[in-house]
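Per-chain numbering from 1; labels A, B and C assigned in written order.
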Amino acid sequence: MIRSAMLCAALALSSAALAQGTLKIAILGPMAFVQGENHWAGAEMARDEINKAGGISIGGKRMQIELIRGDTNEIQSVPDATNAIERVITRDKADFLIGGFRSEAVLAMQEVAMDYKKIFLGAGAAHSKLGLNVEQNYDRYKYWFRITPVKDVDLARTLFAVMNSIGQQIRAELKTDTPKVALLAEKAVWTEALVAAAQKNLPAMKMEVVGTWQPSATATDVTAELSAIDRSGAHIVFTMLSGPVGISVGRQMGERGMKAVAWGINVEGQKEEFWQAAAGKAQFVSTLDTYAEVEMTPKTIPFVRAFKARFKKAPTYNAATYDAIMILKSAIEEARTTEADKLVPVIEKIEHVGTAGTDTFDKRHDLVWAVGKTAGIAVQWQDGKKVPFWPPNIKGMQPFKMPAR
Amino acid sequence: MLQDILVTGLVNGGVYALLAVGFSLIFGVARIVNIAHTAFYMLAAYCFYALQVKGGLGFVPAAAISVVAVTLLSVLCYRLVIEPVREHEAAVLIATIALALIFQELMLFSFGGHYLGIPSTLEGGIRVLGVSIPYQRLLILVVAAAMLAIVWFVLYRTRLGLAIRATANDLEVANLMGMNVQRIAMATVALSVALAAVAGVVVAPVFVVDPFMWLAPLVTMLAIVVLGGLGSMKGSLIGALVIGYVEAITVFALPAGAYLKGAVALAIMVAVLLVRPEGLFGVAFEEER
Amino acid sequence: MYLARRAWAELRNEVFVLPSRTAVLLWVLALLALPVVYSDAYVLRILTMTCIFAIFAASWDLLAGYTGQVNFGHALFFGAGAYTSALMSHKLGITPWATIWAGAAVAALFGFAAGYLCLRLRGSYLSLATLAFPLIALGLLFAFPDFSGGELGISGLRRLALTPVTNYYVAAVSMLAVVFGLWAIADSRFGIVLHAIRDDEVAARASGINTLRYKLAVFGICAAAAGLAGALFAHYLRVAGPSSLEVALSFQVVIWGIFGGLATIYGPVAAVFLLYPLTEWLGSFKAFGELRLLIFASIVLLVLLFMPRGLAPWLRDKIEVQCPRCKQRNGAWRSVCRLCVAPLQTQVTRPERLVGHQ
């Protein structure tokens, strides 16, 4: 009885919406966590901006954007995510899907979205398989595009570019020819390739790899690993961490007064709460990141400032749902239709100046990697603030600092 | 490398010992399988965070209030939830799991899923044998030793301790002997949760605080208590040190296998259960043979 | 024609006399007829997952409720079935219809292994050891990421059937077959022996029962059923990942089992059918979504306090009554037993003077 009432209400709403011209975009993410919060926040900013300007115009008709909140709870449960995406498609009648974070869940969600032939724009999962599916089975998976981040193998290219820059600084300041690098990567599929690449590339970059440590992603104590790294005399700790172990590393490195500097991927280190979570000890921890008040594109600084003013904290890369909606708007206005099949070729050819960089897509519907365009930025925590330092030629970048010796 | 293993193993073992003391008391001695034990540890950590970081209280008042509040809460929970189903072991398991989940969700709801950091009580560290140890960890070792001493004293030198051991040994006979079994059980729960709360206040600054922080220590504590032997405080201490050393050795000997330290601890627990269920120093009760 | 009359006679004499059996019949009919009436894809998805988890819960009950081996790591068998079926269908290209049975078989092997390891353990010790098994398995899976896909698992698996309705029927029919099979096992002589092992293993051994064989057998059977559930789960979601081995899943099945009623088989199944759609429905409201697990745990706690034997037995006792003489169940509204005509409710009347003239 309640179910049929809900169904009637949904039908009434959707038919009313169609009459008025509403475009339903579902934002899927773990809403109780930072990633989902950013998904939603970025989307809200895009929706308000577009709707205030009159909405999306399709050949003279104006459509307002309506956001549907799909809480996937994917961090805790993969079936919850697939239930959520099915619900927003069948119950809430979403036209477009944006979001996702945990790769295992996004792989499952991608299947559901492709079954229903809905355009699904990824805003969080980096795993290459999502793009590989597009290449291997184009007709089924063509509705998937990844707006952020760049796929995992491209992240490696950025990491080594910055590593080079830090290596130069160490050579200059410490007067040593071959800086020593300790690899500290959480045990996960996404780090396997990175670790192998580091072990191969770093010697070629005239840096010595003194050891590889692989704690668990949820490890809360890395004293043993850090003791060993201390003993090895490393100058740089190359971090490949996405879980809370990143906080433990930052804090314990500071507490031990380690002379090595941490650089790499530290997803926890990208969040505003990192400084407090590491009890103020994570000085000089540096990580790859996406947003800062630097002029990657003319839109970056206004977006970051507006985000901070509205939500009282800095955006993480998941807030690129803003860019995703803007890309949809451009594509719909150019193709003059909301049909997925007609939009796909338009999005494939798009060149979108977004908030984090300039987005173009390759044949796997992944972002094309280029420094200054989509490679991201590097930030370092200095005295409680995230200070961007790379690429050095962009306006707003500041120098990289190292612990005193 | 040997000094690293020696020092790191000792320090980590100390942390585990502090966590294991309370669990050993409730599970090992009183044989109440309280899955929510580490959930109380989490509550104490959050309470301490809220009072010290948000409320700005000093270390001592914040710690004292946290410990007392969590202990009182545990007695309440015991009365309302666990006592009615005390006889069915399976029901106690479920009730405590449900309690732990409720606490987790309450913390998730109130503080969010972010990771929080509690500032250390003591800043700085010293170098022992070339390995640097933060003062907070030494504090943990000292507190662990103190707690162990207190528990040993209570269990073996006071009437309450005698009563606790008696009810654990044979509940019906203890009841027949005139002991107030309900009150003794409440005292046991209160004492063990107080220990967990103390651990929460002292250990949480070393780790990160989040609503799911109760799961990982639970498994390690089970491994330690089983390894050391149910019913033996000394066994739990030795078990904690053994697990601490095993983990340190795993990381130092096999850096790329550092993530295996959890699985190794569990494998040890399983091996112990299969070969000698009483553990190293355990006291096996008649019905369990 | 004879069969039809026989079926009708059976129904009238065996099923309709008891409200609980009638309810089960209605539930089976409703399950099978649902897609004809209401084929919303979302609802079918929820019910398909419910059926899969019902198989999982029923298999746990046979192990824990009937035999007394409270398994805190039942997810090991679920994950074993999922991963085996996924690996075989993905890497070897075998059709999922065959690999789910392979998944169940491999899970049964894990069951035998786990049962063998736990032979000498009892009570909390057994629960702890079984808790550790899936965690060790997870460690091994992470150690061989090329084989197992690491934290991502194996994705892009083939579906068993193409449309939501067919998938639903596959799950529902499997569930009915497995649950009734498990219940038949539990209701047979095999089941009586399991009860005996739970209540007093020493006495059972003394009576000449080879408890070792029974314990291993029940571990194997339950593991196979759980493995089948896991394989169906993997092919439905099209991903077999470490989430199929996690501690939360093991705890979840324990909660379902105890909430529904230990040692009943139908209890945990009812619990899954009640709780899973409820939590999913609560999750779709923004206000409740975040409180979903909290409400779930509170409900479990309340049921535990007020209905310690579980929900299903409590409900059943409200609508049925046991005859004091022949021990058979009767509808609660009856005054005399349907089989032995003994009075069902003994009336306590005012004390009469039985001596003296009336």
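Methods note: a contact is a pair of C-beta atoms (placed from the backbone, for glycine too) under 8 Å apart; a residue touches a chain by one contact, two chains touch by 3 or more.
In this text, all values refer to a predicted model and were calculated from it rather than measured experimentally.
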(request) If we define chain centres by averaging CA atoms, which chain lands farthest from chain B? Would you check? (result) A
(request) Give the chain pair, either A-C or B-C, that is connected by more C-beta contacts. (result) B-C
(message) Please tell me the distance, in whole Å, between the geometric centres of chain A and chain B computed from their C-alpha atoms.
(response) 37
(message) Report the inter-centroid distance (CA atoms only) between chain B and chain C in whole Å.
(response) 33
(request) Would you mind pulling out the distance in Å between where the CA atoms of chain A average out and where those of chain C do? (result) 41
(request) Spell out, as numbers or ranges, the residues of chain C touching 2 or more other chains. (result) 142, 290
(message) If I count partner chains per residue in chain A, which residues reach a count of at least 2?
(response) 32, 187, 217
(request) Mind pulling the residue numbers of chain B that touch at least two other chains? (result) 108, 257, 259, 262
(request) Spell out the part of chain B that touches chain A in their complex, as residue ranges. (result) 1, 4, 7-8, 11-12, 15, 53, 108, 112-120, 125, 131-132, 134, 136-137, 205-208, 210, 213, 216, 247-248, 251-252, 255-259, 261-262
(request) Flag every residue of chain A that touches chain C in the complex, lowest number first. (result) 3, 7, 31-32, 69, 71, 73, 76-80, 82-83, 86-87, 90-91, 103-104, 107-108, 111, 127, 129, 133, 187-190, 192, 217
(message) With touch defined as at the start, can you tell me which chain C residues reach chain A in the complex?
(response) 40-43, 45-46, 49, 142, 145, 149-153, 155-156, 233, 237-239, 241-243, 248, 280, 283-284, 286, 289-290
(message) With touch defined as at the start, can you tell me which chain A residues reach chain B in the complex?
(response) 32-34, 75, 186-187, 211-221, 223-225, 227-228, 230-231, 244, 247-248, 251, 255-257, 268, 271, 273, 276-280
(message) Considering only the defined contacts, which chain C positions touch chain B in the complex?
(response) 64, 70, 72, 117, 120-125, 127-129, 131-133, 135-136, 138-140, 142-143, 247, 251, 254-255, 258-259, 262, 290-291, 293-294, 296-298, 300-301, 304-305, 308
